[in-house]
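Look at the two complexes coming up: chain A is in both, with chain B in one and chain C in the other.
Right, the complex of A and B next:
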């Protein structure tokens, strides 16, 4: 018999750890239908017929956030056989608030009380037997981190599901509330299953609009609500919330013994006092980030990347493949496709993988030990000034490795407005794939000056800040970011399993891109530049006939668009245009494309071979503009795909892409035109346009905020919005 | 009664009232901010607070903190 177990619990209660412990690597990750909330399912270890569905981490079953809506729709409509409710033993009172609601759904519940070992260290005690008795459901003590008791909890759930045990008894309210509930339940007769009646009645009393949609016909609880509010002198929602908390405190009194403590501050509180300190917070954060990037980019990361590029691909795979193909007398064009097209193209991308994995490893450690949540808190004060929330910062940190997982990390932002803004701006941070472009321009035009790289990050950050300020003054993003509320998990040592898993999930989204988008684009590029018309005949070209390739035709066709950016002065503008377009497919392509276009089959990562050729066809101002264009324009195909998925709306997707490309174009136009004016004194119509663009920019930046934004911030976390 | 944002770091209080718009109130209640419960301010940066409520640590922006009266 197949059994479905729903795993429910608060965020930070150890739910993910428990899910991993129960299912191992046997997981499928998808999305809940129609929304971008991640859905994880897995098979219970040793029980093939048992599916565990990991519900999103939620605090209650109200329709406040999308996660809650998704979770409760699943519980009500799909009716899993049993709910495994993980509760954090160190924070029982708040965690049981969700449990009281789960107990009302008419589904057997097993309580898995986590982290009791931690609690006992502090001298407190929880009596599991009494808890069971009071709540009227099964309870098991577990340690998700150490794996203690997790299988026992799962088996308990399994046996409840198999026995088709009757539903647990829900938490009782005081008699006046129960009276009202009974009357509403009368109304619901025949509309919902007997065991769900109480839940529906409670939600109707709470004025939950979403619940009406699940009913076959409208039920008017207005009269009952009015009477209850009159009698109890409070709104129904507060009444029921208070009833729940009161019931929980009565349970806590019976089941918990708190040790008398002189020191009310826990270790986490003490750490927080230092790392979120008004003065120390930012310096501490800066030092940690510096170490993370220093190690992952310059030392370990550099060493690993060098090894992958030079040894793994340079000495083993590429020559190996070439000689292998030669040995089997493969056709020339096929050898060229495989060795020059696919292996070189995909290899250039995979070279970034080790570096990125090191960065993601560090970020995963910071996330799972609890520091990342503090970072969001620290940065909120700053980000709020330009219309973003502190929670936007984490996607941007991850985006400095690869934009795809960065965009995906924006999911944790509840507010629709803040999330959309984060998705649009995250990829302005230079990702790993943009670094070679920076190295190329710095080397070819600016004598390898260090300021080029620094300025690239500065441009990225400035683009985020200015976009935030400009966008928040538009109608679409009017208003302030949602008020900041975030639970901060207790600090704890991360488990290797969870850290590696998170590192791998993010790294994998990058590797996948190498295997799909970049593989395909390498083949297409190889074809476009290797074939063309010579003397009216279409065919494969010799290396020196590149001017005749299909790619050259396309490049020449679009080069005029980039004339105002100064890319076409040298008569080879089509090469810049082509490089920028291939950059839209994947930023890793840009340097390689230049290499091919200037007649080198393979170039170093920073394109050192073509520095002189490149500097002959562009001025410094145009080159810096080219760099900025690539930094700001729409990211690679893979990241655009991520934007499309996360926006979940075609209009918003095109708006984001259009905004990024438009901004990139205008900024690099200004850089070239004004740069040329300053360096050579040449003043033309382009200069006038650039000055107008700059003035327009300052107008957008400085104009007064719209009426709407002066209203008190609304929390637009409504479920329908996404 | 005063807003939670006025409470000094290290001090505790009993929540008297949770104000603000309905969604805000509901979210705060789900997190454990209910009238009668106790709340301790752990640290303060700018107007933002880290507080202890029902044994959980919650970070609050200043605008949220001013809606909770103790």
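Right, the complex of A and C next:
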């Protein structure tokens, strides 16, 4: 008989560790349908027929967060055979709050009380037998970390499921509340299964809007709610929460014996005293962030990526495959497809993996040791102004090295809205691959002036800040900011097994989900770039013949779109368009493409050879606009793949890409039009449009919202106002 | 009425009433800040917001704006 066990528990209760201990390597990671919440399933070790579903870490079954809704829906609609509820023994009171709700679902529950070994060190005691008796459900003492009692808990759950044990008795409330519940339950007669009645009744009393949808016809609990609130002088949601905590407090008195506290600080307290100290917190934060960046982006990560791209793929695999295919007299186009299209495309995916694994290793350590929560605690004040989370800092920092791991780092943000906003804006920070474009434009137009580079970062940051302010006022992001009521878990020493597993899971999900997008788009662009018409005949092109390619034709076709951006002087606008498009493979390609289009097979990284040619076809204003366009528009395919993976939703993916391209276009339009106006005094219809765009921008930025949005310092003014 | 926001770091206060509504309020209650519970204010974040409190034996952080909805006595 196949059995399904749902694993439920608070965040930081050791749930992931327990899940890993129960299932070993037998796991499938995916997403809950339609949302960005991760879903994990696994088979119980030694029991092929037993599936364990790891529910998201939650504190309650309220209807307000995505994780809670997902968990509720699963428990209610898919009715697992048994719930294995892991509770943190060192934090029993709050952990049992979720248990009181799980006990109402009409499903057998086994309580796995974790970390009691830690508790006993401090002298406190929890009496498991009494806990069992009071709660009326099975309870097992475990140590998920050491693996003690873990299988015993699972087997207990299994036997409950097999014996089809009746559901446990839910925790009782005081008589006045029970009366109301009984009356609502009467109303529910025949509408829901007997064992779920209490749950539905409680949710109806709590005015839970989502619960009505699950009922065959509307049930009006309004009268009952009004009477109960009148009698108890409080709102029903508070009444029920209070009842639960009161019940828990009464149990705690019987089951727990607290050692006499000698007001000594625990090790975790001592660490926290230093790490979030008023004066030391920011320096420590800066040092940790610098270390993460330095190792995962500039040193180890860069070496690994450089080695994978240049040596492994550049020198060994691609030439090896090419010569191998040449040796067997493969057709030229096929050789090129395999070597330059597919293998190079795969390389583009895999090239990021080593660097990403290094970063994920850090993130896993920061998360499991408890510092990540402190990052949010320290940075929240700044980031929440822009509709972002304090944890958005890390994606943006990493994004200045490479946007792909930056986007993937947004995983650590709990709030769905903050996460989406972070994913959309992270790539505005100039990444390493955009530096050659900056060098090219600075060298060709502005005498290598330093301000070009730092203004690029300023534009990036301004784009994030302004996007945050503008987007959080739109309907898609509207509503109250995500509540920042966050547990600061005790510091733990991370376990290597969990850290490595988390690193690998994230890396693998990038390869699997983002890989396909990157590979496909690389092949398509390879085709557009490598094929075209020479002397009226369609065929494969040499690299120098890029101007005959399909891509060049497309570039010619869409060049008019970029006329308002000033990319058209000398009829060479299509070159800019083509260069910008090839930047989708990797941003540094923009420079190489210019080189080829201006007749150089190879150029230096900053494209010094083509500086004079380039400055002849664009004005300074247009060139700066071109730079900004490339900084803000859709990132490379790899980053787009990461966005798609993280959004997990086609609509949001296209919205993100569309927003980025639209913003890039408008900003660069304003830079060119206003820049031209300021430098040459030429005033035309374009200038009027640009002024309107700027006005519209200020309207969107400054229109009323709950919080006063300061910072009108426009990115357009600062960037284009020379 | 005094709110949790006004309680200086290092002091303990007892929750009297919860203001606000919707998700934030429910979340605050779910995390154990309910009527009658005592809350110890540990510290303020380095940039002045949010604050860190100890409630029901664990550490919780919440913004000052939300703390202002919690009346204490």
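The rule is short, and it goes like this: the second predicted complex is superposed on the first by the 453 of 722 C-alpha atoms of A that agree within 3 Å, B and C clash if a C-alpha of one lies under 4 Å from a C-alpha of the other, contacts with A are read in each partner's own complex, and residues count from 1 in each chain.
We adopt the following convention: contacts are C-beta pairs under 8 Å (C-beta built on N, C-alpha and C of every residue); 3 or more make two chains touch, one makes a residue touch a chain.
Since we're looking at a predicted model, the values are computed, not measured.
Chemist: Of the partners chain B and chain C, which touch A:278 in the superposed model: first, second, both, neither?
Modeler: Touch partners of A:278: chain B and chain C.
Chemist: May I ask you to decide whether A:381 touches chain B, chain C, both, or neither, giving the answer as first, second, both or neither?
Modeler: A:381 sits against chain B and chain C alike.
Chemist: On the A-aligned overlay, A:64 touches which partner chain: chain B = first, chain C = second, or both, or neither?
Modeler: A:64: touches chain B and chain C.
Chemist: State which residues of chain A lie in both footprints, the one left by chain B and the one left by chain C.
Modeler: Touching chain B in the first complex and chain C in the second, residues 59-60, 62, 64, 91-94, 97, 237-238, 241-242, 245, 272, 276-278, 281, 373, 377-378, 380-381, 384, 480, 483-490 of chain A appear in both lists.
Chemist: Give every residue of chain A touching chain B within the complex, in rising order.
Modeler: Against chain B, the touching part of chain A is residues 59-60, 62, 64, 90-94, 97, 237-238, 241-242, 245, 264-265, 268-269, 272-273, 276-278, 281, 373-374, 376-378, 380-381, 384, 480, 483-490, 712-715, 717-718.
Chemist: In their shared complex, at which residues does chain A touch chain C?
Modeler: Answer in residue numbers: 59-60, 62, 64-65, 91-94, 97, 234, 237-238, 241-242, 245, 272, 276-279, 281-282, 373, 377-382, 384, 480, 483-490.
Chemist: Spell out the residues on chain C that touch chain A in their complex, using ranges where they run on.
Modeler: Residue list for chain C touching chain A: 18, 22-32, 34-37, 43-50, 52, 56-63, 66.
Chemist: Sort out for me which residues of chain B touch chain A in the complex.
Modeler: 9, 21-32, 34-37, 40, 42-46, 48, 50, 52-61, 63-64
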